[in-house]
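So that you can tell them apart, the chains are marked A, B, C and D in the order they are listed, and the count of residues begins at 1 in each.
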Amino acid sequence: MSARDVLFYAYAALSIVCAVGIVRARRLVHAVVWLFATMVALAGIYLTLGSELMAGVQLFVYGGAVTVLALFALVLTRPVPELPARLSSASPWVAGASVLLLLATLITTTVDATELRAGVRPAPSTALVAAELFGRYVVLFEVAGLLLTVALVGAIIVARKDDAS
Amino acid sequence: MITAAHYTVLASGLFCIGLFGVLNARSALRVVVAVELMLNAVNLNLVAYAVTSGARPASALAFVLLLIVIAAAEVGLALALVVALSRRSDITAIDGYATLKG
Amino acid sequence: MNGTGHIVEVLAPQLIVVLTGALVLVADLVLPRREGEYPGRTWLAAASVTGLIAAGVAAFMAPANTSLLGGTLAVDGLSRFFDLVFIGIGIAVIGLSVDSVHRFTPWVAEYYALVLWCTAGNMMVALATGLFSLAVFLQLTSLPLIALLGLAKNDPRAREAALKYLLVVLVSTSLLLWGLSLVFGATGTDDMRGIAMAAAGGTLPALGAAGLVFMLAGFAFKVTSVPFQFWAPDVYEGAPPAVTAFLSVGSKLAGFALVVRFLALSIDALDISLAVGALAVASMTLGNLGALKQHNIRRLLAYSGIAQAGYILVGVAASSVTGLSAVLFYLAAYAIANALAFTVVVSFVDATGLDEVGDLSGLARRNPLAAFALAGALMSLAGLPLTVGFMAKFYVFMSAAESGLYWLTLAAVINAVLAFAYYLRIVWTLYVSDEEHAHVSMTRRHALVMVVGALGVVVIGLFPAPLLDAAHRAVTALIAG
Amino acid sequence: MTWLLAIPGLPAACFLVFLVSSRRIRERLLPLPAVCSFITLGLSVTALARVWPGGAEEPVWRGVLPFAPLGDHTLELSMALDPVAAAMLIVVTLIAACVQVYSLGYMHRDERKGWYFGVLSLFTSAMLVLVLSDTLLLTFMAWELMGLCSYLLIGFWFEMEAPRKASMKAFLTTKVGDMGFLLALFMIWSTVGSFEYRAVLESLGEWPAAAAAMAGFGLVFAAMGKSAQMPLHVWLPDAMAGPTPASALIHAATMVAAGIYVVARMLPLLALTPWVMEFVLAIGVATALMGGVLACVQHDVKKVLAYSTISQLGFMFIALGAGNAEVALFHLVTHAFFKSLLFLGAGVIIHAAHTQDMRLMGGLGRHMPITAGTFTVGTFALAGLFPFSGFFSKDEIIAVLVHHDHWYAAALALTASFLTAFYVNRLLFRVFSGPEQGELHEGHPSMLASLVVLAGITCVLGFASPTFAEFLGGEGVWPELGVALPSLAVAGAGLVTGWWIYGRRGVVVNTRIYKERFARLYGVLDQRLHFDTFYRQMIVEPFAIVASALATIDRTAIDGVVNGAIGFWKRAAVVAWSFDDAAVDGLVNGLAKIDVSATRLLDDFDNGFVDGIVAGVGHVVTAASAVRRVHTGNVRTYLIGLVSATAVLVWVLTR
């Protein structure tokens, strides 16, 4: 077992624990903190893959911006009160069973998949990624920009009071 | 040896945990947080394939970058909507929204 | 060939629509507004429609059969067909919004911009031949709709609709992207043609098949086919009617554009008749049964839309050239009829604030044009001869029979008969009333949309050849190429 | 000969004019449809002259409109003029003209008569298109359009409950039949690649047996719906809730005959499959008998005529089942004239008596001589008496049966024709003889004119029988005595029986004058009356019981079967959706539900078919509510449903 393998298993265990923490956290703010921790663990995983670019983006964009955004929203909303049991017809058991079935299927399929037997190779350079982004995916890049605009415009008009106009 | 399959198993675990979190969330904010986890699982998968698969490894990484931007846009809009809804309604739990049915 | 100039030329229609959206936002800043009055909003709508028409002209003139950017985009007969259909839908939605949008939101310019951008997204989905481009474009069709639904936040029902749509989109998007990552991992490519060929040849690994199912779950909510239909009735009922109209045609057709392209790429060998046929039967039956007892007209149209998705899937299940041409024709017919029906509903809700089927009673005397337009739209959805819906149903059902799927044809025909019961019930309500009601007034612009829509229903019903020909050519070119 | 397009075109133009014009203009244009129908009649006569003397295989004119591309083929909407079409053109335009003229008088007090005339024109146009159509696709479009017009006209007085319900019932029942038409169309397309009549008939050698059987059966099923054959006949009696002249045109002369017409044209296709032909024959016999029996026990004048129409359509089916299209068509033609005559006469009677109930009528004959005279001509033609047209056409049907050794069918057909003569006399005596009821007056001149024209045709048309057969390319023969005499005897027996039971009361009243003078004779008559009681108990009452049992079956069992099927379907839906609920709500809970529903499913199956009385509408409603229950309103259940569906699909597809 190489050092990289050890690191992988460590980060994997850490990210799973943190992910469970997101779901199990009683308070929402804890869940957001657990999310941040998961992202940091994933950044570690990206490092084991040899992709510093992704690790950096993961830390700064997700770990920074998105978590802060979520916390911000949390501050602006009211807490959810406890609801009486059986108010809803949605059963956690069916949800759990479906997700378990999904997980079992995914894991067995992945383990059987011959196309995933390849080991890790050096990650493509940042320059190559940039060339791809502004070459083949230039239209997608533009559309992603448009999507940010849509989100911005949408967020403003949705969140602002209507009498502001 | 650590292969792409290892990463996919890990990503499957994260994805399913996120999915379970979505299905059992009582508030919409929790759904957004859990969806974030699911999107992270997707990213992990793609980065792993970029580093292991032969064909155009850079394209997957480029797409992951785009995906992060898209996810940020989506989450931002979702959070704005959730905040707006919670400001105008006494109901904050998802289960409380059930007047439209049948 | 891959120069920027070429890209701009080929993608001119989409570009024009996007820029028109930006232009509308800018124009909103400079247009004058007085206390409580905003005369410029009509101009914004006019500018949007002009931009869409310009995009339509550009779509006509754009060079056909071009593959762009390393095969991630294709401009061909299919994309042109959908360009024109989506542009038509955009024009109709703006036309029916122009007098109603300021009733539920002061953000008129943003509303038009979002409609335009969503239209651009719909058009782009029809271009996508790569998984990555598909994922990005699908986001462009969903995000504006979330914002549009969130606009009417002062109405509790609209709030509920917005929340439900948001959650469904969040989960669906995650499923779609997850499936995409699996497919990419299993095949090492994002090229839809290659994946389709692998799927058709039976060489697609199990992981890839699982990924395709996740992707299906990720966008099937758009076409509101069973079992991804749950959200539709609630959201259709709660959302502002103009947005519902957009949702019921634009979003659904975007989903089907994707289905048609993927299927056309793998048509020769992929045997999906049984699975898609089962979905079709389930959708038709559930939609029609659900519609039977609905009292809210928007909810009823949601269930009717689920059933219509089932009829369209009948043509998909036929998986033949005839079937796909029939699907394209059906989509256009559905778009016209459903947009027309919603125009009347929007106009009626604007004028009265009511949306129950019973409230429509005696509309024939209160506003003959609206009643006639709604009756025509519903009869087209039901598939009566002389309307465009008849030929659409006929073709779709016939394509299934041609492919030997007699059980599916039979189920579809039975469902079509069942559906008459509730469509006719509404028509009765329109034309039968004992008591006197007040006149329902509507604006000239609504009347114009109604006249155009009703003409479309009848004229294409009488002369379907050009549209069918276009659909047929789009499909054959795609399969041959 | 493009001017032929004006034949369906003119009435369609009338409809459009009425559709777009305001009510005031419409009121002034009321005679327009009548004028148009006379022009189309003139054109039809010219068309007939072009075809004369007929017998040719090739149509004299064909107009083709490329309609839509379909794969490598092109769908065409084509019309053709051949002898059959020419003959039908005359029938339709002539009756339409009579009905339009008649309606001017009949409807003149109605508020919405503009709409009525408009829809009637649209119907005429659709029927003419159907007659001229040279492709099954166009036939089907016209067929559907006629269904819509029929729906609109039955429900014309929608202020009342009965017409509203009847129109819906008619529309949906015939729609059920239309499913057969669609299936037949798809079969034909996938076998022949064309919808043209001649292309289909020329390709008969290449048809696989199964495809031919399905296509043939589909067409028969469609005709059963449109032409009111058992068990899809239930809509026709209810359809009498519409205006009487519309009933005369649509539900007696033309639309209900469309099924016969289409099957007659496609008869060689049906003949490829012997069991389909036998099925047609059996359905025809059953319908003829059932219609006859039920006509005997109706009190509503229009319902008697409706059941008699069903019975006569059964006769046409018999002829088709025996493989003779010309005979069926000839009966169609004669029936169209005398039945529309009867309906129009019934309209005058209803106007005069202000009721449709025969028990409240009587003594109309003396005050309405023209109506009574023409009506009697119609009834005698219906009963099959020489020299009226019905005699010739019905005689031909029985002759065909005898020649093809269908002895049972011939015997049953004769029984049906006995019943026909019986209820015809019942109708006549009840309405025209006996004591008078209130003020009576003869109908409007425009109405009487139509009656006289139709009665005249009914008197002479029968003698055209051999000419008609030759015109259509068959072999024209005069009735043979060997067949004609028994059938006349049967009809006579029916008339006498009818007279014995319903007419003789008048005789008894008259004999009362002689009561004292011929006391002994009266005693005999009196005794005869005892005999009559005996006769009544031994024959009439069992007959009445059978009849009412049939009526009950008619009302309930068939509905019951339908309801049973609906119930079954509903329970199936509940099972399916309980399963869905189960997936969402927790398996244990759901399994119990499935169990209960499955038990009920069997119960329903049982009740539906055994008891036959189940509230069918409620069942569909329950199925609909089952669907609605799934949409709980809680978005999390939706998401769980979505995800579990995905999970199951993924699991299945990666096996």
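Just so we're on the same page, a contact is a pair of C-beta atoms (placed from the backbone, for glycine too) under 8 Å apart; a residue touches a chain by one contact, two chains touch by 3 or more.
Everything numeric here is computed off the predicted structure, so don't read it as measured data.
State the pair with the higher C-beta contact count; candidates are A-D and B-D.
A-D
Between chain A and chain D, tell me the centre distance in angstrom, where each centre is the average of that chain's C-alpha atoms.
Computed from C-alpha means, the inter-chain centre distance equals 68 Å.
Calculate how many whole Å lie between the centre of chain B and the centre of chain D, each centre taken as the average of the chain's C-alpha atoms.
Whole-Å distance between the two chain centres: 63.
CA centre of chain A versus CA centre of chain B: separation in Å?
5
Averaging only over C-alpha atoms, locate the centres of chain A and chain C and give their separation in whole Å.
Those two chain centres are 31 Å apart.
Can you list every residue of chain D that touches 2 or more other chains, as numbers and ranges?
Within chain D, the residues that touch at least two other chains are 628, 631-637, 639-640, 643, 646, 650, 654.
Of all the residues in chain A, which ones touch at least 2 other chains?
Within chain A, residues 88, 90, 95, 98-99, 102, 105-106, 109-110, 113, 116, 136-137, 140, 144, 147, 150-151, 154-156, 158 contact more than one other chain.
Among the residues of chain C, which ones contact at least 2 other chains?
Those would be 132, 136, 139, 143, 146-147, 150, 153-154, 163-164, 167, 171, 185, 188, 206-207, 210, 233-234.
Chain contact topology under the given definition, line, ring, star, complete or other?
Graph shape here is complete: every pair of chains touches.
Using the touch definition up top, name the residues of chain C that touch chain D in the complex.
For this pair, the touching residues of chain C are 163-164, 167-168, 171-172, 175, 206-207, 209-210, 213-214, 216-217, 221, 227-228, 230-231, 233-234, 285-286, 289-290, 292-293, 321-322, 325, 384-386, 390-391, 394-395, 397-398, 401-402, 404, 406, 409-410, 413-414, 417, 420-421, 424, 428, 431-432, 434, 464-465, 468-469, 472.
In their shared complex, at which residues does chain B touch chain A?
1-10, 12-21, 23-24, 26-27, 29-30, 32-34, 36-37, 40, 43-44, 47-48, 50-54, 56-59, 61-66, 68-77, 79-84, 86-87, 92-93, 95-96, 98
Would you tell me which residues of chain D are touching chain A in their complex?
For this pair, the touching residues of chain D are 583-587, 632, 634, 636-637, 640, 643-644, 646-648, 650-651, 654.
Which residues of chain A touch chain D once you look at their complex with the stated criterion?
Contacts found on chain A: 88-91, 93-95, 97-99, 101-102, 105-106, 108-109.
Okay, in this complex, where on chain A does chain C touch?
105-106, 109-110, 112-116, 135-140, 143-144, 146-147, 150-151, 153-158, 162-165
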